[in-house]
Structure formats: C-alpha cells, structure tokens
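Paired with subunit B in one complex and with subunit C in the other, subunit A is shared by the two complexes that follow.
Showing the complex of A and B:
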C-alpha cells in the first residue's frame, strides 16, 4: 500500500538510494499502489559511492515500478508472499529501465512479456 | 466408605419405593444410555420432531461437513504432502506445480516454518527464507491442488538441531539476524 509521501528504497544501479512517492498512477483518485504498479517519485538520497557517476540527481522526478512490498501479495490459489522492504526500480516515461542491473529478486507476478527487460536484469524470480 | 450421594443411589437402585430417576440422578459412575433416557425423557421414550435450525445455521453446518469430507479425502489421496511430519522451527521444501507440468513450471519453495495454522481446509504454513539476499515470507495452503509434495530438510533448523523450539509461533525471528532463517543458498 504505497501512497503519496511514502519513502521507498531503490534497488538498481541508477545511483539513487531512496525516493519519495509523489503520485500513484492508474486512475482518478487512486489512493494506493501495490506490486507491479507504476508511480511517480522524486529522488531523495543518492548512494555515497556514486555521487559523481550516478545517472540521476537529487530532486529529479522519475517514474518507478514497484518490485517488492511488505504488504502481502495474494495469489489466486490462496497463498501469499511478502518481502522485508518496499522497493522500486527507476523507469523513464516510456516505462523502460533507467539502470542496467537490479539488486535482489523479483516476484513471479512480473513474469509477463512487458517486464522481460527487468527480469533479465535481476538475479532471479521468486 | 461411600459418600452420601453414592449411598442414596445404591439404595434407589435396589427395589425400593423411590422412582427410577433418583437412581440415575445419584449414580456416581458414567451414566449408561438407559439412565440418560430415564433422566431426560421421562419413563417412556418420547417422539420428538427435528429441531428447527435457521437456514443460515443449517447451511454453515452442511458446509462444515463438506469441507471435512474434502480434508479427509485429501489426506488419504496425497501421502507425499500429508505423510511428512514437520513441526514449527523445521526447514522444509515444497514442490508446487500442476500435475502434468513441465520442468520449468515446477517451483521449489524452501523455508523455515514460523507457524502452522490449523483451520480445516485452510490448513496453512508460514515459511521464511532469505533468497538472493532478500528476506521473503510466504503463507502456503496445504490443501492446494497445486501442491505436489512436502519434504523435511532439517529438524529444529533454527537451533541447528541442538534443542527443541519452545513456541508455537516464531515471529521473534523477524527481528533477529537473517542468517538464522536462511535455508536457500543464495
């Protein structure tokens, strides 16, 4: 349940460390975003090591794809899965990834054709 | 030495002038069906109409019985799942996939059992693991038709097999070192 003002971690090598959600996309007055949704974020912190070499700057506005949430994702057979953090991957206006690598696994929910690029960048699917 | 109640019961049971229900009321052992009949329905068995139950209660009772039948048939037909015995604190591996699935569609899930919820058809297991450096928790229903088998990897994984776990739910492991609950090797 990601909403405006939620601070999320970034798990890719774009250079950003944390971002803040400023808009939930996908409908008129849509309040909450869940796994697999797109949101608009603004960069809050950069990773220490990449302040000179990062692709993003503090305060820039990007789109992001939510890849891990603490809220359980419920599947059709009744099982649930949830992670230890709320995490996103930065994405540009055409919904293509900004970075070249994703840290950590992706949920099997994203095993669709349009997320093929993300799956190939990550360590694996859970 | 018999107590007062037992002595009255013994006297009433013998051919005294007291009515039959006194013997049943003061009997000290478990009441026999004949004694119960005498206590509740009087001296003769009475014909009783079936008790009126509201339709909602009747429906929920029927649903309960149907679910119980499903549970019994699942346990008989799936020895791979219900034959393995595991407790809270063990490391287990589940194989999930439909019956004629190809090799890349079958999923193997490993994890430490943090808790078991026994609710009939919703019998579920809470598993925790650390995969690709990320802690993951899953709740899986054991009556799912997609579940093929359950395998016990290590008993008392949380304490490395040295001592038993003393809790029904191990939620305290969420605040501890994630290495304690890591079953999958990356």
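Showing the complex of A and C:
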C-alpha cells in the first residue's frame, strides 16, 4: 500500500537513500501501489558515501519500481509474502534501471519477462 | 508425486503449497510461518525451545527418540547371492545343491591325485641325484602248485 507522500528506501547504487512517492501510476484514481507497480518519486536524501559520485540529485523526479513492501502480497495460490521495508529501484522514462546493482534479494514474483533486467542485476531471489 | 513443502520456522511442521506466510527480515533472511499461531508467537519473540508443543522443545527434551532407535535396530541387511569372478550364479547354486557326500568324494580324489603327483616328483628328483636304489630282492614266487588248482573256494 504505497500512496502519495509515502517515503521509501532506495535499494540500488544510484546514490539516493530515500525517496517520496508523489504519484501512483497505472490508472485513473488509482490510490495505492503494490509490489511490482511503478510510481513517480522525488529524491529526498542521498547516501553519505556517494554524495559526490551520485547519479541523482536531491529534489529530482524519477520513476521507480516497487520491489519490497511491508504489506503482505497475496500470491495466487493463497500464501503470502512480505518484507521488513518498503523499497524501490529508480528507473528512467523508458523504465530501464538507472543504477547498475540492486541491494538485497528480490521476490520471486518479479520473475517475469518485463523485469528481466532487474532480476539479472539482483543478488538473488526469494 | 512429490509435493514441495516448506518447514515452519517456529513449529517445524510441514507447510503445504497455498498455506502459510513468508516473512522476509531486513537482513534478507526468509522465515516461513505455517499458521497464525506460529506468526503470532514469532511476533511476540517467543522462543520455540520454550514452547512445549514445538518440535524444537521435543528434540531438546528427547521426546519420541526411543521409538525411532528401536526401529533402527530391527533393520538388517539381507544376504544376496551374486556371481563372482569366473563363477556365474548358476554354477554356484548347482554346487551348493549337490550332496555333501559327492563333494567329499571329489575332494578326497583331488587330494589323492595331488599326493600321487608329489610322490612322483620326489621319486624323479631322487633318481636324478644319483642315489643308489636298493636292488630289488626278488622273492621266489613258487610255481604252480598242483594242490592250488584243486583247492576248492574262489572260482573265477
């Protein structure tokens, strides 16, 4: 349940630490975004280490893909999966990843043709 | 058919497909929880070793171990006949089926033959060394005695 004003963690090496959701994409009057959805974010905070080498700047607006949510995601077979944090990966307008590496595991339900680039960047699937 | 099951992190019961919840911690460690009971207790940070109904507690207090141990003891390895190098399975079976007497006879015959051969060898080697053999002392065989043929008894 990611909505406008939600602050999320960025788990890639783009340089951003936290972002704020400013729009949920994917439909008229769509209120909440869930795992695998795209949102529009503004960069809130940068990582201390990569402040000079960062690809992004504070206040910039990006698209982002939600890869982990605290709210349980109900699978088709009835079981559920959830994470300890809300986190995203920054993407560009063409929905290609801005960064070159994803930190932490990705859920298996992102294993689709659409997310092939993200899967190959990640350290593992859960 | 093999069904892929998971193990509950708290109770260690099996979780069949379509059941349970997968909680993934901040550090990326996945925790499978089979029931809401297991989930509730995990959220309360209860230790599985202190809950009597969990497998962890039972293992710690050695419950249900004696049954498994006794079962193991009864299991034994059965003997299997197999063909050995140079002897097929049929040959072995045939030999085993033979009567002990026949086998004994064969054995004795073999030993006898071996002894004979040894003796012959010895005689040969002895002859070669040049040992003077004792000259045969011929016993005088009496010629046909008149009375012998007339004697009654064995007739051939």
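Throughout what follows, the second predicted complex is superposed on the first by the 126 of 126 C-alpha atoms of A that agree within 3 Å, B and C clash if a C-alpha of one lies under 4 Å from a C-alpha of the other, contacts with A are read in each partner's own complex, and residues count from 1 in each chain.
Methods note: a residue touches a chain if its C-beta (ideal position, glycine included) is under 8 Å from a C-beta of that chain, and two chains touch if they have at least 3 such contacts.
All values derive from a computational prediction rather than experimental measurement.
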item: Overlay on subunit A: subunit C relative to subunit B, clash or fit; value: clash
item: First, second, both or neither for A:126, with subunit B first and subunit C second; value: both
item: Subunit B versus subunit C as contact partner of A:81, first or second or both or neither; value: both
item: Where subunit A meets both subunit C and subunit B, residue numbers; value: 68, 72, 77-85, 104-105, 126
item: Interfacial residue positions of subunit A with respect to subunit C in the complex; value: 68, 72, 77-85, 104-105, 107, 126
item: Subunit B residues within the subunit A interface of the complex; value: 107, 122, 124, 131-141, 144, 146
item: Subunit A-facing residues of subunit C, complex; value: 17-26, 28, 30
item: List of subunit A residues in touch with subunit B within their complex; value: 68, 72, 77-85, 103-105, 108, 123-124, 126
